[in-house]
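Below: a set of structures, written as C-alpha cells.
Next, two complexes with chain A in common: one pairs it with chain B, the other with chain C.
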Partner chain A sequence: MDVRIDHVRKEFGRFAALDDTSLTIHDGELVALLGPSGSGKTTLLRVLAGLERPSAGRILFGDQDAASLSVQERNIGFVFQHYALFKHMTVLDNVAFGLSVCPARRRPPRAEIAARARRLLALVQIDGLDRRYPDQLSGGQRQRVALARALATDPRVLLLDEPFGALDARVRKDLRHWLRGFHDRTGHTTVFVTHDQDEALELADRVVVMNAGRVEQVADPDTLYDRPASPFVFAFIGDSSSLPATVRAGRLWVAGRALGPVPAADGPVRLFFRPHHARLADTGALVGRVVASRRQGDRRRLDVALRPDAPSDAPSDAPPDAPSDAAGPPHSADLPRPGDAPAASTPVEIDVATDAAPPVGASIRFDITRPSLFPAPAAPRRPIVVAPRPGTALAPPGPKPDRAHAAG
Partner chain B sequence: MTAPRTVTAAASPGPGPGPGPARRGWRAPSVIPGFGPTLGITLGYLGLVVLIPLAALVWRSTELGAAAFWDLARDPRTLAALRTSFGAALIAAGVNAVFGALVAWVLVRYRFAGRRLLDAVVDLPFALPTAVAGIALAALYGPQGWLGKPLAALGIQVAYAPAGIVVALVFVGLPFVVRTLQPVIAEIDREWEEAAASLGARRAQTVRRVIAPSLLPAWATGFALALARGVGEYGSVIFIAGNLPHVSEIAPLLIVIKLEEFNYPAATAVGVMMLSISFALLLVINLLQAWNRRRLTDAR
Partner chain C sequence: MPANPTAPQAPPPPTGEPPLVRAGLIAVAMAFLAAFLLMPLVSVFAEAFARGPAAFLAAIAEPDALAAIRLTLTVAAIAVPLNIVFGLAAAWAVTKFEFRGKALLVTLIDLPFSVSPVISGLIYVLLFGAGSALGPWLQGHGLQVLFALPGIVLATVFVTLPFVARELIPLMEAQGTAEEEAALTLGAGGWATFRRVTLPNVRFALLYGVLLCNARAMGEFGAVSVVSGHIRGVTNTMPLHVEILYNEYNFLAAFAVATLLALLALVTLAAKTALEWQRSQRRRAAGA
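Up next is the complex of A and B:
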C-alpha cells in the first residue's frame, strides 16, 4: 500500500512547520527523512501517524483518506526518538501491549500474545530479557524493544523518529545494518528520520531532503549525491565549496579567470563543487594559496584562498565580477557585489593525494573537474537550465528543477 | 502551602534505583560526602521534635497501669470513637484520592481561564483555621443550611452525624492528594500516551494501563497523608459531628474530654492507641509502596 502525502501544510500558531509538502512512499520502501534541525521531519512523521492534524492537504493510505482515521485506526508503528517505553511494564508487557489492547473479539488469547511478543523479541534479537524493566536496558536494547513493540500490531507503515539518535557511533552502525537486513527480510514500508546524512545515504532506498518545512529533493542516494537539485542539497549532502561566478559569452568566470565553456545564460551564478572534484595542475585555471592542510581519510584536504591577481591564462578582458581577495586589491575596476565578497574570501576546500600535498603557504593552481552552477543567491532557488535529466524523481510539484553541469 | 510540596518531593516515586537489596547494608558506600554529620543532625532533630514527645506520651500512659489500659481499650465508647475516627478518615482519604486526582489532572493538563485561581483555592483548607472551616461546614450542612435543607428533604442527614465527619475530613484532606499528584502528573511523558494510542489503545485503556500505574506511588503517598491528617483532625470535625458518644464522637474529642476530666493517663492512653493504629496503617502503605517499587526496579 502506497502512502501519499498531498500538499500537506502544518502550522503551529502562525509558524508553518510543514509548508506544502508532497511525497509518495511506495509499498515496502525504506525511506529516510533527512534535514537540519527544525526542518519539519518529526512533524511530518507525526502528521502521518495521526498525532498531529494537517492544517491543509491530505494524506492517503492506498486510496483511503487518512483524515477519516484516528490514530488508533491507522495501524502505524511509531518508534519515538526516546523510545517512550512504558516504565512500569516489563519488556514483554511493553511488546505485548499493542495486542493486549485489541478489541476483545480480535484479541488473541493471553498465551498466544505472550508467545508472539517473545517471537518479536527474538526477531529484534533481544530474547532473554523478557522480565526486565526498561530502566534496566542499554540504549540499544531499548531501541529494539521499542521497535518490537511497534511491530507487534503488524503495522501497515513503520515510522521511526531518529531511531539511532541517542546511541553511540558503534551501536548505531550495528543497528543500521541490522535495520537494513530486517527491512529486507520483512518488507515493512518504513520511514525513518535522521539528521545524519551517512545514515540516510547508506540505509535508505530513497532519501527525502527537507529544509524549512519543504521537501528539497527526493532521490535515491546516488542521484542525491551526484546530482543535487538545489544549492541547499548540494551544501547539505557531502562536503562542498561554493564560489560566486559569472557566465559571460558562454564561458564561466571565477575570480577573474575563465574556467571553460558552459551552456548557460549570461549573468551571475553560484558555483558549487566537491573537494574531490578539484585537481592540481600546473596549467590550472584557478590560482590560490594554501592556508590550511589536514588529513582526511586517505587524502589531504586543503583550504585554499583564491588569488585573482596572480598570473593566469585568462584573457585580458576579464569579466567585471572579479571579487576581491583578502590578500590583494580588486582585480577589475568594478567593485565586487556585497553579497559575493565574504564568500570569495572564504577559502575553498580541495582534496589532494597525500604524497602530492603542497605545504601551507604554497601557491597552487588547480582545475575544477565537475562544477555545478546554480543561480546567484538573490535569485530564485531553482537551478538554471542545462541538459534536462529525465527520471531524476524529484518530488516537489511544479516544474522539475534540474541542475547545471559545466565542464571545467 | 509549602508543607505538602516538601512532602511530595520526598515521596515522589523516583523510578531510579530504590532502596533495593544491594543497599540493605547499614550504609551503602556513597560518593556524596557528609553522611555522618547529616545523619547525626537528622537523628537529633527527629528525636527532639518527634521521638521525645512521643516517648513522653507513652511514658505518661503507663501511669494508668496495664489493667486499666486494657479496660479502656475495651471500653465500647473508646472503640466506637476509634472506629469513627479511622473509618471516617479512610473514607475521606478514599474520596480525596479519586476526586483529588481528578482536580490535579485538570489543573495540570488543561489551560483555562481561572486555572491559577482554582490552583490557589486548593490550598485554602490549609490556610483556614480548622475551627472556621468546621463552623462554615456546619452552617452549610445544618438543618437550615443551603445544602443541609435540601438534603434533609431527601432524608439525608449530614451535619451532626458521621457523614458530617467525612465531609469535614474531605475538606481538610484535599490539598494533600492534589499537591502530591500534581508534579507527578506534570511529569507523565506525553509520548507514553501517544505511543499507547499508536498501538491501538483507546483512551480509557491508556488511562488504566499506562497513566494510572505510573501515578500509583504518588497516589498512595497522597492517600496516606490525607488519611493521617484525617485521623488527627479535631477543629473542623467537632463543629459538624454532633459528638454523640458511640455514634459521632471522634477519638481526638475523647482525648480532650479525658483531659478536661484531668484524667491525663487515660487521655494519653487513647493517644497511644491512635498512634499505634496510625503507625500500623502508614507502615502498611509504605510497605505496599516499597513492594511496588521493588517490583518495578529489581525484577530480573
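Up next is the complex of A and C:
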C-alpha cells in the first residue's frame, strides 16, 4: 500500500513546520527523511502517524483519506526517539500491549498474545529478557523492544523517529546494518527520520531531503550524492565548498580566472565542488594559500584561501573534464570581476594525498575536476517564519547593510 | 617514593566542609528537631497515659469522643476521594493540554495554601449562612449546610484541594506525553491509555498526595472550626473535640484524643517512608 502526502501544510502558531509538502512512499520501501533540526521531518512523521493534524492538504493510505482515521485506526507502528517504552511494564507486557488493548472481539486469547509477543522478541533477537523492565535494558535492547512493540499490531507502515539518535556510535552502526537486513526480511513499508546523512544514505532506498518545511529533493542515495538538485542539498549532503563565480561568453570565471567552457547562460552563478573533486597541479587554474591542514581518514584536508590577484597561466592540455582557460585569458586586471571579492576571504576545502600534502602557508595551484553550478542566490533565503520579524531573514555575511548604518 | 605512614590524613574532599562545621550543622538540626518536634510529641503521649491505660481508654471510649472520631473519618472518607478526582483531572489538564487560562488554573490550585484556613471557613459562612443569598433558599428546602456535615466536608475539601494536584503536576510534566502517544499509536483508546499507562506511572506520587491530603483532612482545625458550630457529639471533629476538652481543663481526655491524631501523623509518616523505601528499592533493582 502506497502512502501519499499531498500538499500538506502544518503550522504551530505562526510557525510553518511543514510548508506545502508532497511525497509518495511506495509499498515496501525504506525511506529516510533527512534534514537539519527544524526542517519539519519529525513533524511530517507525526502527521503521518496522526499525532498531529495537518493544517492543510491530505494524506492517503492507499486510496483511503487519513483525515477520517484516528491515530488508533491508522494502524501504524511508531518507534519514538527515546522509545517511550512503558516503564512500569515488563518487556513482554510492552510488546503485548498493542494486542491486549484490541477491542474484545478482535483480541486474541491471552496465551496467544504472549506467544506472539515472544515470537516478536525472538524476531528482534532479544530472547530471554521477557521479565526485565525497560530501565534494566541497554539502549540497543530498548530500541529493539520498541521495534517489536510497534510491529505487534502488524502495522501497515512503520515510522521511526531518529531510531539511532540515542545510541552510542558502535551500537548505532551495528543496529543500522541489522535494521536494513530486518527490513529486507520483513518488507514493511518504513519511514525513518534522521539528521545523520550517513545513516540516511547507507540505509534508505530513497532519501527525502527536507529544509525549512519543504522537500528539497527525493532521490536514491547515489543520485542525491552525485547530482544534488539544489545548493542546499549539495551543501547538506557530504562535504563541499562553494564559490561565487560568473559565466561570461560560455566560460566560467572564478576569482578572476577562467576555468573553462560551461553550458550555462551568462550571469552570476554559485560554484559547488566536493573536496575530492579538486586536484593539485603545478598548472592548476586556481591559486591559493594553504591556511589549515588536518587529517581526515587516509587523506589530508586543506583549507585554501584563494588569491584572485596571482597571474594565471594554465596550459591548454588540461584534461577535458578539468576546466581550464584553454582559450587564453584576457588580461584579468583589465576585466571587471563581478562577485569574486568574497572568494579571496572564504577558504575552500580540498582533499590531497597525505604524502603530497603541502605545508600550511604554502602557495598551491589546483583544478576543480567536477564543478557544479547553481544560480547565484538573488535575495536572502525565504525565512521560515510566516510573518517575518525584523532581523530574522538570513543576511549575507560581511558588512552590515545600510539599514543598520542609518539606525546607528 | 614510599608512602609515609605518619603523613597527615587525606585532605578533605574539595567540595566538603571542615569536620567541625559539619558536626555543628548536624547538631543544630538535631537540637531543633528534638526541641520542637520530639519533645512535644513525647509529652502528648506522656500526658495521655499519665493515669494509666485504663483512664486513657475510658477517655477515648466516651460517646462524644467516639462521635468525633466517626465524624472525622467520615469527612476524610468523602474529602480524600474528591481530592483524588480533582487532582488527577487538574494535573491531566495542566500537563497534557495547552489551553487559555492554564497559568491561572495553576495559580488557583495553590490558593488554599496561601489563604488562612479561617478565611476558608468564613467563605462558606458568607456563601451559605442565614444572611447570604443562598441561605434562605437552603433553609426553605430543609438543607442544612453550615453547622452540619456538608459544611465541614466543603471546608475540608477547600483546604486540602492542592495536595494531590501538587504532587502530580511536576511528575506528569517531567514524564511528558511520549508514553501516552505510544499507547495511542498501538491502538489504545483514551480510557485504556489512562488506566494502563498514565495511572501506573504516577501511582507513587498519587499515593503520596493521598497520604498528605488525608493527614490534613483529619487534622484540619481552622476552617472546620468556623463552619462546624461545635455541637458536641454531632459536629465536633477530633481536633475541635481536643480543643473543647482542653478548654474544660479535661487534660487527660484532651491528650488522649490528641494521641490518636498524633498517631495518625506517625502512621502517615511511616507509610510515606515505606513508600519511598519501596521506590528506592525498585530503582536499585532496575539499576542492577
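Heads up, the rule we're going with is that the second predicted complex is superposed on the first by the 347 of 408 C-alpha atoms of A that agree within 3 Å, B and C clash if a C-alpha of one lies under 4 Å from a C-alpha of the other, contacts with A are read in each partner's own complex, and residues count from 1 in each chain.
By our rule, a residue touches a chain if its C-beta (ideal position, glycine included) is under 8 Å from a C-beta of that chain, and two chains touch if they have at least 3 such contacts.
If you're wondering where the values come from, they're calculated on a predicted model, not measured in any experiment.
On the superposed chain A, the two partners chain B and chain C do not both fit; they clash. Of the two partner chains, neither chain B nor chain C is touched by A:123.
Contacts of A:84 after superposition on the shared chain: both chain B and chain C are touched.
When the two complexes are overlaid on their common chain A, residue A:291 makes contact with neither chain B nor chain C.
By the document's definition of touching, neither partner reaches A:60: not chain B, not chain C. When both complexes are overlaid on chain A, the residue A:131 reaches chain B alone and has no touch with chain C. In the superposed pair of complexes, A:212 makes contact with neither chain B nor chain C.
Once the two complexes are overlaid on the shared chain, A:1 sits clear of chain B and of chain C alike.
Within the superposed three-chain model, A:171 lies out of touch with both chain B and chain C [touch as defined at top]. Overlap of the chain B and chain C interfaces on chain A: residues 49-51, 71-72, 75-78, 80, 82, 84, 86-89, 97-98, 101-102, 133, 135-136, 149-150, 152-153. Residue ranges of chain A in contact with chain C, taken from their complex: 49-51, 71-72, 75-78, 80, 82, 84-89, 97-98, 101-102, 133, 135-136, 149-150, 152-153. Interface residues of chain C, counted against chain A in their complex, comprise 178-179, 181-189, 192, 196-197, 200-201, 285-288. Every residue of chain B that touches chain A in the complex is listed here, in rising order: 15-16, 189, 191-192, 194-202, 205, 209-210, 213-214, 216, 296-297, 299-300. The part of chain A that touches chain B in the complex is made up of residues 49-51, 71-72, 74-78, 80, 82, 84, 86-90, 97-98, 100-102, 131-133, 135-136, 149-150, 152-153.
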